[in-house]
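Following: one structure in C-alpha cells, then a few remarks.
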Amino acid sequence: MYLARFCRASITSMAVVTVMSTVAIHSMASATGERTRPDSCAAPNKTMTLYADELHARDGSVTGLGWGTSPGKVSSPGPTIEMIEGDCLEITVVNDVSGRTLARLAHRYGGHHGESGLGVSLHVHGVKYTTDSDGTVHSGSLVPPGGSRTYTWYAEPRGAVVDGFVSPGTAGYWWYHDHVAGTDHGTGGLEAGLFGAMIVRRPQDPKPDRTYPIFMGPGPKINMAQHPATDCPGRRPEPSPHCLIATTGERVEFVVVGVGDEFHTFHLHGHSWVDNRTGLLTTPLDETRVIDAKTVGPSESFGFQVLAGHEVGAGHWMLHCHVQVHSDHGMATFFRVQAGNGAG
Amino acid sequence: MYLARFCRASITSMAVVTVMSTVAIHSMASATGERTRPDSCAAPNKTMTLYADELHARDGSVTGLGWGTSPGKVSSPGPTIEMIEGDCLEITVVNDVSGRTLARLAHRYGGHHGESGLGVSLHVHGVKYTTDSDGTVHSGSLVPPGGSRTYTWYAEPRGAVVDGFVSPGTAGYWWYHDHVAGTDHGTGGLEAGLFGAMIVRRPQDPKPDRTYPIFMGPGPKINMAQHPATDCPGRRPEPSPHCLIATTGERVEFVVVGVGDEFHTFHLHGHSWVDNRTGLLTTPLDETRVIDAKTVGPSESFGFQVLAGHEVGAGHWMLHCHVQVHSDHGMATFFRVQAGNGAG
Amino acid sequence: MYLARFCRASITSMAVVTVMSTVAIHSMASATGERTRPDSCAAPNKTMTLYADELHARDGSVTGLGWGTSPGKVSSPGPTIEMIEGDCLEITVVNDVSGRTLARLAHRYGGHHGESGLGVSLHVHGVKYTTDSDGTVHSGSLVPPGGSRTYTWYAEPRGAVVDGFVSPGTAGYWWYHDHVAGTDHGTGGLEAGLFGAMIVRRPQDPKPDRTYPIFMGPGPKINMAQHPATDCPGRRPEPSPHCLIATTGERVEFVVVGVGDEFHTFHLHGHSWVDNRTGLLTTPLDETRVIDAKTVGPSESFGFQVLAGHEVGAGHWMLHCHVQVHSDHGMATFFRVQAGNGAG
C-alpha cells in the first residue's frame, strides 16, 4: 500500500481518459500559444540557467543532489533566487543528474514511472506558471537526464484587477524544488536536497544586508546538516547556509522552509519578528502577533528581517527546532552575531 | 492506557459531583428557558433536517457513515451548510445509524459508555450554541439510534457590544461533526465520515460560483478518498467533493478542514490566496501573508476563493498534502480547470 | 544516534574554537559592562525571585519539578509572570533542585555534560535579554544545584526606532522554561514540568478578571494532568491551572503554550477569538480569522480573552486537544462557567 503510486494508477486503463485529457489541454495550449506563459508575461525580462547535479563524497560516491548556477557547482540548499513583483523570469534547467542515480531514487522511493517520468523538475511556490512550468509528471514538465527545459515564472504584482478580483500579488518568501525524482511528488529529490529558497519582493521593500535560507527537514536537519559544532569551520568563516554569521546592526533576512514528512517549530534566540509577510512592523496599530517561534509544516515557508543583536548584543544565538526530540538529535545551529568592531 | 476514557472516570464515585453538577445546570436552564438557545436567538429564522445514516458497499456491508438532507441519501463529507451572520438556524438531527453499528464503533474505539452515550451528535465550530446543542456526552446533547433532536446555532454578527467587548462575529469557514460515536470525542464517528463543512458569510461577502469542501484526513485521505485517478469518473463528470472541476474565470471557493490524528499541509498548484478570513485582499496596504500552502491540524479550518486558472490557464492543477509520505500514499487529487470554451 | 548530543560534539577538538570564541565574547562583554543587560535596560524597575524545586509524592519520591515565588512552594506550571512594555525585570533564580535529581535527568535524557552543565536555567520567549540571560549551556547562563543567578528581561516597547527599523515591541503571550536539565535543550526539565506562562501587556490593554495558563504537553497532557474528572476537586473548588472556573460575564484570559515533541490543536467549546495578538477585535474592518481551534507546536504560544458564557450561558465547556488520539488519552478538561447568581 505504501508504495502504491497514483502514477501507476494513471497508467491503468481506468485513468487513461483523465491523463489523455490533461495531455490534450497541454498540447492544444501549446498549439495556440496562449498558455505556455502566464497571460501577463508576454516576454521574460530576466533569464537564468539552473543546473541540477550530484553532490559527491571524496571517494566519488553520490551523497545527494543540488542546484547551482554554474555547471558542476551545485549545493543544497541551492541558490536563493530573487524576483521583484512584475518580473517574468525564464529559467533554463539543465539536468546533469545521471539516469542511474535517478533510477536508484525511483527504486528506493517507490516511483516506478518508467522512462517517461525519469528526470528532475522545477516546481515553484507562490508565483504564476502554466502547466508547462508546473514541474509535474502528469503535465510532462520535467527534464530527462542530460536534457534541458525552460520554465517561466511570473511574479504577478499586487493590484491587478481581473473580473472584480484584486490580485494580492506574489511578494513573499517561497521556495523551489524537484517534483518528480523518486516519486510523483519528488520525495526522492527532496530527500536528496533538490530545493532552494525563492524571494519575491515589492520594489519598496527594505533590502537586507544578508539573507540566510533555513530549510527545516527532511528529517531533523537544518540545511541538510546536524549539530552546530560544525556550523562555521575554520578561523575566518565565510557566510553560507551552513555558517549564519552577521555583525551587530546588520539587517539579516531569514527564509524558513519546511521539507519532508515532519512538522517543526523554528525558534531563534534573542530576536523576534511580526508574523506577517515581511516580519516588519508597518503601522503602529497593527495587532498581528509578534513571535519568536513558528510551526513550519512541509512546504510552508515564511521569512523575516531582524537587526542582528538589536538590544541584546553579540553572541552565539541558538537557532533550532523546538520539537525537543529534533533539537536533541542535533537540529540546531547558531546565529553568530559578532560585535561591530570585528570581535566576537 | 490507550483505551482509558475520561468517560469511564466520570462514572466513578469521585466524579459524580462534577457530572451531576453539569446535569443540574442543564436541567435548570431548560426549566427557566433561558439557556436552551443563545441569548440573541429568540426564534430561529432558518430550519433544516440533517440525517445521519450508513454508507454501504454493493454487498450491503457498512463502509462508513455520512450526513444528508434527505432520508437514506447521505454522503461523506456531508452537505455544506451556509449561514449569514445574524442567522439563527434550527437543525433537526435524525439518527438513522443502527445501534449495532454504533456499538461496534464504541467497541472498536474504546468508548464503553453504555446506553446513555450510544448515538450520534452534532457538534459545530465557530458559532454560538448552548450546552443543549454542544453535541457532547456529558451534556446529554446526543441522539440515540432511531431518535431525533433539535440543535440551535447562532451566527452572532460582528459588532455586537457586550460589557465593553465587541464581538468579532462568527463569519468564517467552519465544520460540523459527530462528537460521541466510538469515543467521547467522536473518534469513531470522525473515522467513519460523520462531518461536513459549514460556512458563515457576512452579507456583503462575494458569492462563489462553486464551493468545494476539502477534508484532510482522517489518515492520508482527501474527502475520504485516495488517488486522483478516480477523481472524476466518466465522460461528463459532475462537480462534487470527489470531482473538483471549474471553468477558467469562475470564482471557486475551497473550505479546508483537518480531521483525525495527523497534521497536514494543504497545497494547491498554480493558485494562491491571502491568509485571512476570506482569502481575498481587502486593502492594498494589507501585509498579511499570501500563501499557497498551509498547515491544517485536526479541527482547524480555513477557506478562500480563487479565480480558476487566473493568469495560468486551464489544466489539471494538483491539490495535495505536502507531507511527502501522505502525498505518496495518494493524498492528492486534481483541481480540474477547463478552458472557458468548454474544452479541457 | 538518538542520544548524540551537540554538547558532546562541542567538547571534541574540532569545536574548541567555536566554544572558546563564545566564552570569549561573553567574558569580554561582562568586562566592559556593555552586554550584561539589553541596551535600553539601564536599571531594572522590577525584581522577583524564582525558586526551582522538586515536587514530591506523599511517600517523598520526586514526581516532577516546578517553579515558585517562595522557597519550597513550587508548582507546574509555575507562576504566570506579567510585564508591561517598557519594564526591565530582574529575576533571581534559586536552584533548590538536588544535584542527584539533575544527574538522574541528565542520565535519562542523554545529556552527559558533566559538572559544568548540571543545573537548571531560565530561558524566556519574546522579550530581550543578553547571552548572560539566555539560559543555555554554551553561554554558561545556568544555575548549579544550590546556587542562584540573576536574569534580566527587557520588554522593549513598540515604536523604538533603531537604524530605520521600528521595533514591533514585545507585548504578547509567552513562556519561560528551563533550557539545560536533561539535555542542552532542557528536554528533561520540560518533561519534569519546569515551565510557566509569561505575559507582556501594553499599558492600554484590557485587564482580565482571571488568567489561566494552558500547557499542552509534554505528551497528551494539559497542565501536566489528564482527565477532567479530577479537574476541580471538592465542593468549593479554587481556581487554578487544574480548575478552570469562571462566572458568566467575566473576562477570562487563556495563555496556550506547546511543550515537548508533539503538535496539538487547542479547541474550546462555545467560545471563539480573533487570531491576533490579544484575541480581541480592534477595528470593525479587520479581516483576521476568527477561530476556536489552533495548532500549537512545541514552544509556540498565544493567548486571548473571552467573556465567559457570552451568548451561550453557563456550562461545563470542553477544552481539549482536537488530535483525536490525544483527547481519547484524556488530553481534555473543562472550562467551568457558572451562572452569575452563583449556581452552576
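Each chain gets a letter, A, B and C, in the order it is written, and its residues are counted from 1.
Methods note: a residue touches a chain if its C-beta (ideal position, glycine included) is under 8 Å from a C-beta of that chain, and two chains touch if they have at least 3 such contacts.
Model, not experiment: these values are computed from the prediction.
Comparing the contact residues of chain A and chain C by number shows a mostly separate set, under half of all numbers used being common to the two copies. Overlaying chain A onto chain B using CA atoms gives a rotation of 120 degrees, to the nearest 5. Chain A and chain C have Cα centroids separated by 33 Å.
Each of residues 263, 286, 288, 295 in chain B touches at least two other chains. Across the complex, chain B meets chain A through its residues 206, 227-232, 235, 249, 251, 263-265, 267, 269-270, 272-274, 280-281, 284-295, 307, 310-318, 320, 322-330, 332, 334, 339, 343-344. Of all residues in chain B, only 1-2, 4-6, 9-10, 12, 14-15, 17-18, 21-22, 25-26, 28-29, 34-35, 38-40, 109-110, 123, 125-126, 128-131, 134, 136, 138-139, 154, 156, 158-159, 162-172, 183-187, 190, 218, 258, 260-261, 263, 276-278, 282-283, 286, 288, 295, 297-302 touch chain C in the complex they form.
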